[in-house]
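Scrolling down, you'll hit the structures one after another.
Next come two complexes built around chain A: one with chain B, the other with chain C.
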Partner chain A sequence: MATGGGQQARPTRPSSFSRVSSSSFSPASSSSTSTSLPPGVRIGANGAAFVSSGIPDLDRILGGGFLVRSVVMVMEDADAPHHLLLLRNFMSQGIVHGQSVLFAGPTKEPRSFLGTLPSPVVQKEGLKIKHDVSDVQDKEKGLRIAWQYKKYFGELTAVDSHNRDKKQEYSSDFDLRKPLERQLLNSQNIECISTQDAFDLSKLQNHCLTFVSKLSLKDGINSNAGRIAIQSLCAPQCGYFEKDWDMLSFIRSLRATVQSSNAVAVITFPASVLSNSISKRWQHLADTLLSVRAIPDEDKDLAKLLTGYQDMLGFLHVHKVAQFNSQVPVILDASTYSLKLQKRKSLVLERLNQAPVEGSSGVSYATSGSCSSSKGSLLDF
Partner chain B sequence: MAEGLIVRSLRDGSLPGEHAPALCLEDSLTPPLASHSHAVFRHLLTSLLSTGTGTAVVLVAFHRSPSFYLSLLSPTFHNSIRLLDCYSDPLAWKSNHHPPPSSHSPQNITLLTNLNHLPHFLSSILHLAKDFGAQGHDRVTVAIDSVTHMLRHAPLPSVLQLLTNLRCHEKISSLFWLIHTDLHEPKVISSFEYISTMIASLQPIVQLPDYANANISASITSLEENYSKAKFNVRLKRRNGRVKLLCEELLIEQGSVKFSSVPSVSSVVAQNLIPKVQFNIQLSDKERMDRANVVLPFEHQGNGQNIEIYDGRRSLSESQKDPSSIKIGGLSEQKRSNNNKSEKGEIHYIRDSDDEQPDSDEDPDDDLDI
Partner chain C sequence: MAEVGDLLAEAMGHSLPVGKVVLVGDCVETSGAFVLHLLLKRCLSLDSSFAVFVALSHPFSHYDRVLRKMGCNLSVQKKNGKLHFLELLDFSARSKENSVDDGFCKLYNEIRKAVETARSKDTKASCVYIMIDDISLLEIAADGSENDVLNFLHYCSTLTSEMDCSLIILNHEDVYSSEEAPRLLAHLQHLSDIEIRAAPLNTGLAADVHGQLTVINKGLLNDDRRSGRRIWNFQFKVKENSVEFFYPGSQH
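And now, the complex of A and B:
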């Protein structure tokens, strides 16, 4: 079984200089660690292990992926189902890597959700070779770059170059139009639970505990990573909906469970149906917090303001990024991204860009008087 | 248009594999909106039935007696509607003492007394829906007059489960209900909005004056408008994941309702939704290639051609702009425009003055005596 050997991925987090300096000083984690890693897990900055979220852009934004032993929460928008896109990619990535997956959803037949999981895009051979050549060139150039300029080389430094010769890639592109193959879905390590009729969360809690204990049953060295995906945990139609404190203590126990094993949990929840104080508590319990927002349709103001408005599905906002072994907070260049479908099949995240402004009309976005006023940046070189 | 969209969506029902569309009609106690919203509810009911395309309605009546609803409709439609009477005896007072007279109730009204037990409730609705199936109506819409009344008898999660089960059921093609927003906590209202696909709410046209501060006399007379008009806001969740926001005006005339569209005031959604965005200063591959292809206006192009100076006074065949319009008082401005009208970019350079020798390799600063 191809294992991900312990290389150090060059950090891709932008503009956080102490992060870069810490990685340049970190001791020889580039030498292979004594334990080989389970498939789909990669060691990143500060010796933390990451699993891919299934969306390569999101992995890059979060600095490597979802941190193993963390809880990721996604705040849903009541008007749009974009959180399902994130969940689907997350689960597919786990299945493709052969990791165990536990799914809980507020429907009668959660198994049917597995039928909507996308299958990975098959990379053509020509593309792979081209990447290898450019990697060699970049390596030569990249020798003497001072640390403060490293942030400009985001896409050029091929972080995944080491993984190209491996059988399994760390993070695959998924084709949302093609469903995942049946035989992958029938494997033993995928469980589905329905939360709709449950009156309390004890059953779900027990399932999570047994799931996680199965992960470490194999010899401790090579225990598989596990993924727990819970859809709409506080959906109003679930029987336990009014029990706010029970739900909070479930999340706390899930955090403890996940922290003592090789699992990642992704929980989506509609924040609008919770009261403000309880919703804040939920958000504080997350290690990584994302939110998806719906965009209004045929909105002329937005179309004038942003490029590529027609292709956008919605917005993804990154509120919090998990940290491990470091006191330094992650400061992102941009925290709101637009969700788009590239060639109608794979999900990409793009930064928001302002559309060019016509000289005469001048949609002055800078009503708050910021220095990045639209006209100013066009004219002053 | 908003009303048309709603009615069409309710009439069309769901695509196979989808849940049924659900409309949440919200009203508030701000006078006199409560009566307006009920008028809208009745309007939707009648417009769904009156098209005669085989839509049948199961109406769950809590708020008014069933005979009231039947009187609204012309007798031809009485066959297309079945009523679940939850108004007459919700707490089962009468049926406990006197057995219900089964022969008295008309054919299409079913009395329901056990409102606490929601599975029974659900099965009664489905039973009525199946009855329609026997008659040949393939699309059954369920209308609930005020979910607020349902919440009196049963807890919120079970009411929501009931509505979700109705949406999933293959016999039900669409669903709409009325809810009074003032009587519930905000999270209850947002839970109902969460499970619905369309949300319609009414707002007064003229806001009530702030009696403490504002100038009262002017605004009270305009308040009368509220009795005949209201703002009808609709939020539609579309299949592509986007939200369509519509705002129309509602005119109430003697119990009947008319919708008219209003020149829409664009909402300030954009400002709240996105942070300050920057221009994209990265170049795409195509843009990089175009930039590389631009011929710069050097006098030596380095390819052995004759030195040609683009003189603004002579018009060249390639020039696309009329440069003579640029000369102002003898001085011509140096203008550099990078327009992509043709395949390659062009740069037009107009010399400052005529007595400059072409590129004489002289440093113009040489004549400074330093």
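And now, the complex of A and C:
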């Protein structure tokens, strides 16, 4: 089985990105000389290679980012296009790192989607952030923090300033208000394909195959990572929409293609247009499965239940996380997060916080209790 | 032959059942692949047994590394002839000349040949284990043709009686639970002697307990009317090198 220029194994770094499960398997590489990894690729626990999703919070939640050689699927919400936020950040991150990007969308001119890609935020306050971290670490020793608030401090203590530098390179913060520079978009390794009038998926399949084969031809030693982004694969306007088994066959072959190369594929799909059983089949084919859900505009129950409800764009739910060469499932602390725009420009994911219950009326306990039980299946704190 | 405290072996009646069809069901939330890994490891650690692994889901390297953490070296086993590994990531039953039926015919013949080779080499071979990961991918390879997949599975199950093999199949049950006519699932359940179902806990995610297993042992009808338990339910935690099985509340 051909592997396109395998990643060099490195000793596992004690970064905040390593998984909770204790894996004894660490490659015994004593040399600390930095092997030339392709840009934007990081090695995590078990020698697994990750690329950033373009959203630093999501990278942290998933334990490093998107696993190279995996397929990520995002279930869309029919009411809101939040999946596009994920796709855009994913593609921008790849372009910023000079990685090859293949995009397929169900429109006549998929190239125009590139115009909506965000540009990275310029980091001016790098020094200030470092100071904050060391301050907090000093204060930490004297403080006894209630367990409820530990989650805010947990990440800071694990990150030292050296890692912070690397982190900025690996994963950029994107400003959703600023489009990506034109010159970056004109580079040769960005391909756009339309799936709208495609009668079948063979053309897209061939494009993916050639895209992936080009990845291994470059440089010889360490080929660049590649990103395949497919928007709304089973959208009704696509010519092959009725052909359930053709679509499944395509995903399966894409999975096989990606598994033997240095690529990551992100596929979004409107699960509601598929039948339940076919949707389940799609979900099983994913290595990492996410879903986005819109927030109704004026939901008083939810407003009472959650803090910061007004700023939320939607929910992101993590159904499963890819695991590399291991049978242990990844268990997250929380699997539902809220999508928010910080300062109106960058996308953040936050854990959900239950709003403080009014102490005076005993009734509110009952209402919040019933709220959480009715929404229990949707939200997971 | 069950080890003390090994609930799965107790439920199955044997740490590794001989001449049976075992159906392992799972869902999106909880993967049942670890059962296959465990049974494969047990099979390869016995002296006179042989495994045929039909891998549609992951490449050989994945299984190799997972099993290596469990103390079993697949490459060595393959070299010694104890394991016949079929990597069929992009297997398509239908090709230009052949129909789906022919594609499956070829696959069945390959499996049968591997079993016969194993038997001829070592006449003391106690059992050959055929493992399939997983059925839903076979359906995709068959372009959705349920009949062909069923035919193929029926043929494979005849090997269990004819040639003393065991057939262990991984299936994604939640795909069929929402269908109006879950024909394939019904057939599989009818075919199987032991059903193992991996499901998430009713209470949600937990770091210490990864899910629950329900084992339905349809029992040995030829033996003298064993009135042992037929349905078992317990919880499990998957680790890198093993799996722990325990009753709810007894995990320390």
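The rule is short, and it goes like this: the second predicted complex is superposed on the first by the 283 of 381 C-alpha atoms of A that agree within 3 Å, B and C clash if a C-alpha of one lies under 4 Å from a C-alpha of the other, contacts with A are read in each partner's own complex, and residues count from 1 in each chain.
FYI, contacts are C-beta pairs under 8 Å (C-beta built on N, C-alpha and C of every residue); 3 or more make two chains touch, one makes a residue touch a chain.
No experiment lies behind these values; they were computed from the predicted model shown.
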Practice task
For A:Q259, select first, second, both or neither according to whether it touches chain B, chain C, the two together, or no partner.
Solution key: second
Problem - First (chain B), second (chain C), both or neither touched by A:D79 - result: first
Practice task
Could you tell me if A:Q283 is touching chain B, chain C, both of them or neither one (first, second, both, neither)?
Solution key: second
Exercise for the section: Name the chain, either chain B or chain C, that contacts more residues of chain A. Expected result: B
Practice task
For A:H319, select first, second, both or neither according to whether it touches chain B, chain C, the two together, or no partner.
Solution key: second
Exercise for the section: Tell me which partner A:P236 touches in the superposition: chain B (first), chain C (second), both or neither. Expected result: first
Problem - chain B versus chain C as contact partner of A:L248, first or second or both or neither - result: second
Exercise for the section: Check the residue A:L332 against both partner chains and state whether it touches chain B (first), chain C (second), both, or neither. Expected result: second
Completion exercise
chain A contact set shared between chain B and chain C covers 275, 335
Exercise for the section: Provide the residue numbers of chain A that touch chain B in the complex, in ascending order. Expected result: 78-82, 108, 196-197, 235-242, 270, 272-275, 293-302, 305-307, 313-315, 334-336, 351-354, 356, 365-368, 370, 372, 377
Fill in the blank from the handout: Within the complex, chain A is touched by chain B residues 155-158, 160-161, 163-164, 168, 185-187, 190-191, 193-195, 235, 237-238, 240-245, 266, 269-271, 273-280
Practice task
Flag every residue of chain A that touches chain C in the complex, lowest number first.
Solution key: 1, 20-25, 244-245, 248-249, 252-253, 255-256, 259-260, 275-277, 280-281, 283-284, 289, 319-320, 325-329, 331-332, 335, 380
Problem - Interfacial residue positions of chain C with respect to chain A in the complex - result: 28-31, 33-34, 37, 58-62, 65-66, 69, 87, 89-90, 92, 136-137, 140-141, 143-144, 172, 174-176, 178-179, 204-207, 210, 238-241
